[in-house]
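What follows is a single structure, and I will ask about it in a moment.
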């Protein structure tokens, strides 16, 4: 995966479109096992990201990641705010350490930050259950749209151990995790941003 | 102790006077180890008791106790509301079971109700630390003003195990318990009601 | 109505109303009633207002949550004097009521809710 | 100002304001600041508002309480990015903050308050 400023901006634009289109679905997912706001949270956050990109015209990939970090942290609301904020902060940290880092290394940094912030493990039925297989597949140069779809479907039978879904215990089984779904959209958009 | 309707009304009048005179002191006691309202709580409650006696003219000791029970329960506010309400309810229950019950038996019923409601034991630094020695002394026909004074002073070195005072743990040591003090006023008034 | 309902008793009006909002967001089909303060401005709890709310409640199967011990004592007196089936839980008022509300909304039985609440019991 | 102060982060405006009232009644000399909701009407927590409150707080030695996990994550991010000394307690938000406030008012040290709070820790 070759990520640069232009691809990154394209990534965010595609992700925003998918978020806006899937806003109601994300909210639906967040209803039986949450507080019915993940769609609104992500819609608000990504709308602000696009506005910030237009207003600030970031001139490097690092500047873009910094903008995405602070915007998502401030504007998403809900648990996904600090989590996506941490994700992009973790990605930025890898790039700042070595701006020749491979993209899988950068995403690994993002995943590490999500796990450090939210303390979720694979299998806890969170966005980590999409980030982990996606990052691993990218490390093995085997990331495809199908990997991402399967990762999100695989959250369905899990019992939630983190977040608001964990309060309903066994009743979270049989439902796709909303944050996993928005992360799936993130990575689908990432693949699409290179495909043009 | 011979308690009847007239003595009982005199008891409530004397208790009310003492409560109103000691309102600020009770509030002071409830400040380092509480929320500074015991004086107001008891003042409001006893003022309502006197008003209710004037309005309803109870025609028996049982009717008086019933009036005192429901007024204190409804009007005192704070923990002392359900506790004093339970106390008089317990007293009423003994009298209803056998209206020739000795007064110490009646008060024992009141103490039992306070302990059933609040789960406090002797030594927990509550009103029970005045009720218990007072009831016991009365059973031994040895109740005097000094017994009551000493019981309330004896709450000073105790560490609170119940109520708001228990939240400050060791810091409750060295302070007289407010509910113990208002109960001391109750029993001082009871002795005085017979002394005329 | 035998469907389980939740009541919240707080010493403070705003705490009760705030918990009501928090719970309604995740449990819109669960009957939730709250009382906070002896009234809107004064901190404390009142036997009378709790008894009135319980008596008028359409629920006969009530899960009750409270903040401090004096609220519990008033609740227990209402429990003694009311025909309704009221169970009082010694759990954190916000976190416990939230857990119960989310579980009831998810269709969990009152008995299974109680199993979950046992895990967060506290000395109160 | 090194005197310990309390901050409360709730998902709901009224819960935060209500806890503030409850604590002020028993801890009038303890600095207490609260934030509830992303604003007065919307439920949630905001890194920005928490960071702003902490930055403007006269307290440098802060005991922090929160209701649900997402509030904790925002608090932890503020902890990372602020110079202030902030300790976050995984205790019931009402009962834990009340305990801390009463103890601080009684002159107990922050360390001894923490010992007491350990007894009511919970998975949050």
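Order of writing sets the chain letters: A, B, C and D. Residues in each chain are counted from 1.
The working rule: a residue touches a chain if its C-beta (ideal position, glycine included) is under 8 Å from a C-beta of that chain, and two chains touch if they have at least 3 such contacts.
Just so it is clear, the structure is predicted and the values come from calculations on it, not from any experiment.
Ranking all chains by how far their C-alpha centres lie from the centre of subunit B, first place goes to A.
Two chain pairs are in question, B-D and A-D; the one with more C-beta pairs in contact is A-D. Inter-chain spacing, taken between the CA centroids of subunit B and subunit D, is 37 Å. Put simply, the C-alpha centre of subunit C and that of subunit D have 24 angstrom between them. Chain centres here are Cα averages; for subunit B and subunit C they lie 29 Å apart.
Counting only residues that touch two or more partner chains, subunit D has 25, 43, 68, 98. Listed for subunit B are residues 35, 164, each touching two or more other chains.
If each chain is drawn as a node and touching chains are joined, the picture fits none of the line, ring, star or complete shapes.
All chain pairs that count as touching, in label order, are A-C, A-D, B-C, B-D, C-D. Within the complex, the subunit C residues that touch subunit D are 10-19, 21-22, 25, 36, 43, 67-68, 92-95, 98, 120, 122-124. Interface residues of subunit C facing subunit B in the complex, by the touch rule stated above, are 38, 42-48, 68-70, 73-74, 76-77. The part of subunit B that touches subunit D in the complex is made up of residues 32, 34-36, 164, 167-169, 171.
Touching subunit B in their complex are the following residues of subunit D: 25-26, 98-99, 102-103, 105-108, 116. Taken together, the subunit A residues at the contact with subunit D in this complex read 35, 37, 73-74, 77-79, 81-83, 85-86, 117-118, 162-164.
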